[in-house]
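Heads up, the thing below is written out as structure tokens.
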């Protein structure tokens, strides 16, 4: 089984610990991006996975590639060229103080990539699954067309296509997103979203949900998934359910909607180490569970347990093994020392 | 609007993370002091604020000044001379282990300053508000007289005067404090205290309050504020209400007593990053809300939200903006990532 | 009063903060071992305590010795020779992610030590108490016989003997442990265990206890202690009671069974900094309380408060003073700043 | 005496110590730029100095401003707006391995600034000296015209104008530089260059100089300065003379050409801590010596001693005092401990 | 062109900077070994290279693998099993204080590997070159036979075989080394050594060389190479020439003996950052130059320039590109900043 | 053989690496003092050594004690009491930038100690050698009298007395020093000085010596030693000979004058890691060589080699073994890796 993900990988810079940007005289350096994060998740589960993007030739870009190789992601499909690696700055929140992200990603090599940079027939050689997110077309330029190219090629080669809506208001307006994503969704077999995404991008909304409260509206989520599925013909729709008690403590759960039925995971109360990349780790778990042909309940349990663990790991990559996820999904959440 | 604060700025040395003093082979270095902390709060809110003190000419003192300039505090009123910068060591507690502070502040330049070092007419030029705390006269030597000088000059120039009682038992006895503070209070328009201060300094006490429990005695606090107001003629009395569940988790609230009426804020359950400077950040928020002429309820909400955020920030300075405080005071406490 | 503890001291290597092994490019270095940890606890309480072991002559071994001397442990009884210092790697868990320990301790100097390396008459000169744990005989080779030698000599010289069962499944099987420990237990006056130990080593079990739940089975623990006491004639049996809510939050309590009666401590809800060494710090507190002849209730309170504090301290050693433990045992658990 | 400098301030990111980019998982964060570095030098010498630029409103930009305020630079002339702070990455070389700089500065707020952003009459209020470098017009867009505006306004208000040629081949071609700088030079009273700059920008060349050898061609440099002075009418031309033995050891000297005569400093053999910003620190020393009206020999000695010290200081800013520079210029180069 | 190297990869632990072992409370963690270092060199030069060894399945071993993958080494030939990763501790010397290495490598997975663990026909599939060093057979157990197996298989498949003598007196005696290496040398086409190795292993000696002086005995080295070549029939013999002025400054050169003629490189005076792995980086450069079919003079120049650069890089891996090596070999040694 | 040293131990705070005070937001913490440094040297050589002083009871003071215990110094003679531990700040110089030391040591516990705090008969029990330096009486208050007490008691008990003149101009004037030290010198058997000390304290001067040049005036030093010996009757006078090429490179040698004859060591060219404590490490080596009854040439060689090594070690303590010193003194200065 081979997966290809496609998107941007950025340099992530964050102050150490709980320091604010204004206090930092050091930044931790890592590399991340929605689709790269998914690739690393899958590589950690032992899946053959390649990440496609465009990156410059200089050492900063090489470091991005090395960060993927380190965890076993195939980087041979990465095009080299252009000038810059996108950057984002993360300030970790705590208690009532929210985390902050400042993006400096404009004009990166991938954002300026051209249609002809990518030969999808070659990229998808031997692949079974293609994943991208709504961030990739949102980068603008040729990217919407490149994504359509990719989806068409994927379908031609018989790949399953998954897409995480991942709406980013700083990258495009709701109208732009809605228009573009509506062109892409018909190729998508497995759609991942959170409730806000569905509303922001497609205006699909569950009644009576307050994302800042702790209570879940089970029916509402089912309804949202149903609507997405109905409108675009996705086989499965998965939704992450976060309720934020504070920047330090969150409740986390998920659901998958499949063949007219919704399956909900348990809810984990998480004491957060780093929540950036949480959604991507859910996708990583979900794709793995599809490749392994887990039944829907096991699939959502696996995906949520995987992403629960991500919240306890620094930086975006979800460095967990299948055994660790299965142990948690199986109920071992007490955190006793493993000797 | 221009504010002047006056007091000591010390070097703060603390082990990294949760290391105990005995384990430390590095100390984080910052500079802080009750009145300097208030000045930084105000500078972050965009207020023109100067901090007055006396500091040596060497590089350690220069670093103290630079730490204030960095955040926009006017340091041109600082007198240079004397030998040493006071020091305090902070060990961060966790769970049942309390934080520890060891002071090494005797004989600092400010503690040995002379009356003639400070020309208050010059210092208060263009100023609208003067703030000091009970720590400054507690430094001894000429400081009680210098504080009286300052208060008299402030009054002469029409400044509002605020004072945080801030009783420190290591600096003076209750008797000394009571005697000296009773001379200063008649100049004070806005008095800030916690319940212990009022009792320690003036013997003013609310019945039935156990500071180690989690429950607040609303009537008791109103009564304390009333007594202070009645005895010294303060226009407003503000009280911080901390209940310490553990070194890691505190409940935090505040009240303001104004024209015979008490206004209480919401109570925040805080997962603490660093609580030193929490009281000063309350004062910073309170003075800002007075300068902005917020009504009393909004004022106490702002001051408490500001100081709630301080507990999530390393070191003493409260590095938050007006927007961040307003967002929390307005109810956005879920800590969701700001992208 | 002089105590001697005997066992292995290893190099402990752990990534900084919550980094996983796979992310680490630095390890914090400390030295620890069940019996060494107890020695440091006692030294911090002002007790004259020596730690006996065998260590190489190189600088890594010297660093192990220095780490003990630093906190006042007498290291003059340590034999020098052999090739290696055992190592263990610790990865700190968080929330639902469990802590991990990887051992690399085979063939250390102490594991390969010979009976003739230790002259117990000399080692016990002037001593009143001897402590070891089940880990020491589990190291294999001559160690079971060396432990028996030590116990016999201790008895000959009139020392009280305490033993923490500390079953380690990576070091020996339950059968081996049961057989060997059954030979040693007749010399033991004070036995320390957790419920799992008793079951693993001796098949002694309390009915209906789920160590992953939060509820304590008071009668069950009493029953286990009774059985141990009855089978081997121990004067006192102490049991630690941990319920793991998550890797970050644990409940922690203890009991002591003495002359047919069980005394339980309060239960502390602990927000964990580092829980490795928690059991050893309980033993340290327990031995201290026996040396001080505290009554049984005070003894268990002291031991549990001591080990509660350990959970808030980085690395294995419990760097607390008698005053700090007494303050917590006396009810001061709110963690207010000590100025 | 008041100085204004104008240009870009960037975020500087460098791995710790001698780590290569490929090894870094932390970057040290500082802020720097040719003209900002000069401003900090002057502030450290006690000169009233303002830095003008355009910066976004976010926290990364605020950190840049704070880094200037910290050392006493007036930042009130900085315009806020635009999206990004330029970034450059520095990898410190050693011995035969050269240092590397990777720029990511395109589309910064200042590079996209508009003519109308800057009101030079206001900016130059009360100023005596204006400094900029060839990097500022090289940023492109409106910058060449903004620089001409600034120069004209400076002249109108009677300011002395200094310019460091600072040719950067990554920003513009030699032709572009020559054309633009030839328009600006007529306003320049004091020109600073290294021999490469003069050749790259104006084709002015000294015969027989090999910048990689250690020998200085005194006559050649005099000739270059003469030509610059003759062509553009500068009153003084100063040239830095670096001979690079290795990335670790450099010889460093300078000359000033004034009224037909060249004055050379001593040559310092420097064991380098950080050489980035070395040229800017020379300019800082030179401007100071002009403001102080040092004679030409003393001026070049001061400027070279100042910049010699810079090479021993981490990051771009030259954090030295007048006394320290004078001591070195006066011959005290043995580095004995100052107690 | 594909290269396979075979040997041990260990965890390297070193204190930060110039701290001694006794001062360290942190270790930098990297992974290294003579043959792994060569593999990384080659991967950095763009060569397809696999490293073969045996490693456990735990996270410490996985980290070793990840450190190779990060730099592009194929790790698919690594066998998983056994218990431990060998460790070595490095203390960096300075000036008159020598660097120290403490090995803790006994009983690693590779040292205990069995002949049947390695299927050389599979491992050498598609390969052109096989490299190992004298350390691998010195690990004992089955390793000498495994090396003979490997050499025979390499020859059968037409691979060039290179071997670095790398005598380690802590691993085996001169007699053992001589006996074993004499069996392996007949398979070796390219032999690398330093003068001590040749003497230690084979008793081959150049007259009058004092490795602690700075002078090179050109004839002596030629003579040593001639003897090696003559005795074992190697096509090329390369020798590294180090003269140690101090722990901080070394002279470094090399020679290659080929078809009866010796070619010497320039000598570099190196200010050292980290000299561990210097010899391996020479081998990496040499193998690259053979794969590229450089002439002998160019080959030795490349190998020495490559290893000169290694001395300026932290940890064992030589993270340089072909361009960087060629630039230095081409004479650009002044270390001027590359912008 | 047992040695007692007496003086102050301070907290040393220094920025990391080459950062200036103004840049530091972390300080490395260690503890040091002239006599404490000597004690640690001797403990490392295996000598039974106690350090006497007075220190507070708080954790900062306890850390000072622990830093001595760690390296094996007997701290049982330390009196507890008073308020503060003296502090000094060290900024490491480089190249032409000198290191800086800022003292904040006034009113430490030892400086305020009283005559009756020290019972010298008890302190000297079992001791053979007493060492102090001119810094101890320079602390003022009772210290001069306490030193005389100590010397008299030492003589009474038959101890050899050594004193390092160690003149500190910030502590006392030349006149005060001369007067006090002249009272103490008659008790001193072994006097250690540098040429400046002799001149500053006693006006004893060698003609024609420029301490900033690199040349040694052998006759001059002999003459100084002769004068000291003649005036006070010391048996041996040892002088350290430093010539400072830069803050990074120093020449270092020493001489001992004994029975009318001067013995000079070799001169070491040292590339410095940390030179603070260099003189104390010379004393440590000298006392060791006297206790071992080395002949005068071997003694001076040992002391200079020991202190040469100190310059390569971070912080004040000279963490070297007898074997390491002997190896260097025996000529092994090339710094080759010790495997």
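Order of writing sets the labels: A, B, C, D, E and F. Residues in every chain begin at 1.
Keep this in mind: a residue touches a chain if its C-beta (ideal position, glycine included) is under 8 Å from a C-beta of that chain, and two chains touch if they have at least 3 such contacts.
Keep in mind the model is a prediction, meaning the values are calculated, not measured.
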item	value
Each chain counted as touching subunit C and subunit D at once	A, B, E, F
Chain whose mean Cα position lies farthest from subunit C	D
Chain located farthest away, centre of subunit A as origin (C-alpha)	F
Copies subunit B and subunit C touch via same or different residues, half shared test	different
Distance from subunit E to subunit A - Cα centre to Cα centre, in angstrom	42
Rounded Å distance, subunit B centre to subunit E centre (Cα mean)	62
Length of the line joining the C-alpha centres of subunit D and subunit E, rounded to whole Å	44
Residue numbers of subunit E (touch at least two other chains)	17, 20, 22, 25, 66, 71, 100
Interface residues, subunit A side, partner subunit B - complex	17-20, 22-23, 93-101, 103, 168-170, 211-212, 244-249, 275-276
Subunit A residues within the subunit C interface of the complex	17, 71, 268, 270-273, 305, 308-309, 311-315, 319-320, 324, 328, 332-339
List of subunit F residues in touch with subunit B within their complex	13, 20-22, 24-30, 58-60, 62-63, 66, 83-85, 87, 89, 91, 100, 102, 104, 106-107
Touch list for subunit C against partner subunit F, complex	66-67, 69-72
